[in-house]
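Two complexes are shown next, each including subunit A; its partner changes from subunit B in the first to subunit C in the second.
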Partner chain A sequence: MITAGIDMGSRTVKVVFLEELKVDGAPQLKWGVKGKHIMFPEDLDADQAAEKAFNEALQASGIAREQVRRVVATGAGRKQVKFAHEDVTEVSAGAKGTVFMCPSARTVIDVGAEEGRGIKTDADGKVVDFAGNEKCAAGAGAFAESMSRALQLSLKEFGEASLRSDKTIPMNAQCTVFAESEVVSLIHSSTPKEDIAKAVLDAVASRVTAMARRVGIEGEVALIGGMVHNVGFVQSLKTALGVDNMLLPDMPEYVSALGAALIATEGKA
Partner chain B sequence: MTAQIPYDHEVELNSVLERCLAAARETGIPARGELPEDYVGALGHFPVYFPEEIAHAGRLLPVNILGGGNRLEMKHADARMGSFVCSICRSTTELGLNGSLEGLAGFVTHPICDAAKHLAGIWARNLPEQLSQILYLPQNPNTPGAARYIAAEYQRLRAEIERKAGRPIDDEALRASIRIYNRNRRLLRELYAIRRDEPWKVSCTESYLLTRARTRMPCEEHNALLARALDAIRSRKLPAQDKPRVVFVGGFCEQPPLEMLEAIDDACYVVDDDLLVGLRWLTADVPETGDPIWALAESYVERSDASPVQHDEHKTKEGYLMDMIRRSRADGAILTAAKFCEPGLDEQLAWSKHLDGERFPYLVLEFEEKMTSFEQMAMQVETFAESLLFALA
Partner chain C sequence: MIANYGYKDGSGEYYISIDTDKCIVCEAGRACLGACPKGMFEIISDDYDDEVAAVKQQFRRSLAFDCAQCKPAGGYTTLPCVSACTPGAIKHSW
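Presenting the complex of A and B:
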């Protein structure tokens, strides 16, 4: 049996197919990732983007549409996925997917383009508590992205540059717009780019850490979402949380889609 | 011969709800010409509880002033009040200063918090033609003299209203008003019983609008409206959905935006709440014989609900929430507080700590009148509902 999870994020659409694995003598069903696909939609309505991404994913994974028994949508645009059987929030999907990938994780930090959140989960991947940024993207990836543009660095260079800095420059603004003004002031005062990059990523890490502390940091911490690819952010977050190790799943931006596909296997959404 | 139009409960309910929605959006007061013939004016009162029967018997329409909602432009109040004051106090002041409440015979507030208490002072200075009063209800009703004290306060209020209305309020008129309000209390209890027993038949938003309508119309009219609505609700044939049962607390004074209640309704069945609890404050019939002022005062002490603005040792903060949860067989609780509401935030903390100890699931939310974006809140509520459903599965 194959199920699908589709994560309609604010920047990308992610699709994951799960396939039931036949393991003789296993006490319960096992599932493995059959295929995954990411699409960067341009000029498409959310429902069209979902349809296009799903079809592309089917094609890329060599699966016929009728083979997919159940589809669960998640992400900010989850309600727009007309062909989904059910939808779940990205918090529920993120927790489920993370515990599947990293069974020891009990605290999940999810930092995507527009949203950052801290989630406390149990051993089954059920959400115990969570907190997220409510009105401003200052605790999320879009902020880091716009600051990297201001410094004329690619996102990859931005993260790597921050690792070369050992300075701590506090950014006091709680809002992306005001924080950008602070960055412009730093540029005008000839502050090295790597110091500014570190200041920005430290600020994002600090806000995300505050959310995680609101729910209480317990057990091992896993980071999911696109910001996992930013090496500078990962380091800033470790420092802010005061941890040496952080679980980083192999396909961080797909974790929520994976979680949705897992929930589809349970048929409880 | 005219053809008989078959009764359609949805059409009937929709027509009642449309009327209630219009009343909820109305921030001004009914014009003199809109009042029933025997009414001499309207008396404004601030949440939480106000003995409406006294104003009603004096033929003043009791109008519960519940702030200005998210459509009111603040032009005057911001110049007089700090930004750290809750929305309902600021927007109520704005309504007073911008002329929306012109024509009120008076405005009665209560010492439920410093900001609410001092509204009376603002009123007296800026709207001297209106009666401005603080009704001192006891924060601790457990002392032996509490009922006597309340009765004395009610007598004082009765005399003030008599002076303003220019007519005496006799005991018989008061007893008649008590009878009308007793019927209203029974109808509201029926509405809440349906919410508990068959929550799929009436949403929290619908129930809230039905209750709130009393703040803008004579109680007799509200009784007729509620009776029509209850008949229609009972006839509804809606299937039960897979939603968790939750209680909602924190709506005792400032009112959450309707969109917030709708977002909660989308994901959960709200099987009990403290929304507009002041209108449902007396939990049983008030005696309809004997001294009516004493009957009201004694009911306040002996037959009343609970809220964060009262410190009654028989209704502990944790106790009344747990009673509400047990009574309504809730799976979870939504603990809200209005931004800058001191009593509400204080209670929210006590509730959270207690529910942690009980290992009972809850979600904390904050609201204010000027909220315009509800996406994040809807996502939080939905996640909470999912976590409850997964736990129940």
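Presenting the complex of A and C:
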């Protein structure tokens, strides 16, 4: 049986197909190459983007649409996925997908483009406690992206630059808009780019840590979402949380879509 | 599950926590729905198909202002939602 999870994020759509295989008579779940995501083009509706991403993923993985028994949507735009059988919150999907990939994880930190959240989960991937920030993007990827643009660095360079700094510059602004003006002030005062990059990523990490502390940090901590690709952020978050090791799953931006596909296999959402 | 609805900003941390395990079988007859003067609570079916209380989406980013009239400065000594929820599922962080 093949199920699909589709994560309609703020910036990208992620699709994962999950196939249940019988290996030596025992059911096993396999997933892997079958995800595909596209950036939201400016002129495309969310429901069209979902359809497009799903079709591209089907094509890329050689699966016929009829073979997909159940589709579960998640993410900020989950209600826009008209062809989904059910939808679940990104909190439940994130926890489910993380525990599948990192079975020892009990605290999940999910930092996407527009929102970060802290989730406490049990061994089955069921949410025990969660907190997000409903108000502001300052603890999320879009903020880091906007700041990297202000510094005229690519996102990759931005993360790597922050690792070269050992300075701690507190950013007082709590809002993306004001933080950008603070970054501009730092640029004008000839502060090195790497120090500014570290200040920005420390500020994001500090906000995310506050959410994680609200739910309580227990067991091993896993980080999912697109910000895992930012090496500077991962380091800032480790420092802010006071942990040496953090579980970083492969293809971290697909974990919530995987969680949705797993929930689809359970037949309820 | 403890669901925290709200946000943190420069002025503080504003979360309403709902312990949904206490909420599934509500001993208070969903009193929170009528207790909040602004009608901020609703009953939703969560991802585990449980009928639980939640803070309505439109209030989640303005709790500091929406709850202000029920705080001590507004003349209340106890919060109506917290008092109405006799199982003790609702808590405010501020």
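Brief remarks follow.
Here is the rule we use: the second predicted complex is superposed on the first by the 251 of 269 C-alpha atoms of A that agree within 3 Å, B and C clash if a C-alpha of one lies under 4 Å from a C-alpha of the other, contacts with A are read in each partner's own complex, and residues count from 1 in each chain.
In this section, a residue touches a chain if its C-beta (ideal position, glycine included) is under 8 Å from a C-beta of that chain, and two chains touch if they have at least 3 such contacts.
This structure is a prediction, so every number in the text was calculated from the model and none was measured.
Once both complexes are superposed on subunit A, the partners subunit B and subunit C clash. In the superposed model, A:188 lies in contact with neither subunit B nor subunit C. When the two complexes are overlaid on their common chain A, residue A:127 makes contact with subunit B and with subunit C alike. With both complexes placed on chain A, subunit A has more residues touched by C than by the other of subunit B and subunit C.
When both complexes are overlaid on chain A, the residue A:210 reaches subunit C alone and has no touch with subunit B. Of all the stretches 75-83, 273-281 or 291-299 given for subunit B, the clashing one with respect to subunit C is 273-281. Touched by subunit B in one complex and by subunit C in the other are residues 88-89, 91-92, 126-128, 130, 132, 134-135, 268-269 of subunit A. In the complex of the two chains, the subunit A residues touching subunit B come out as 76, 88-92, 126-128, 130, 132, 134-135, 266, 268-269. Residues 1-10, 13, 15, 46-49, 60-61, 93 of subunit C are the ones that touch subunit A when the two sit in their complex. Interface residues of subunit B facing subunit A in the complex, by the touch rule stated above, are 373, 375-376, 379-380, 382-383, 386-387, 389-391, 393. Listing the residues of subunit A that touch subunit C in their complex gives 88-89, 91-92, 126-136, 174-175, 207, 210-211, 214-215, 263, 268-269.
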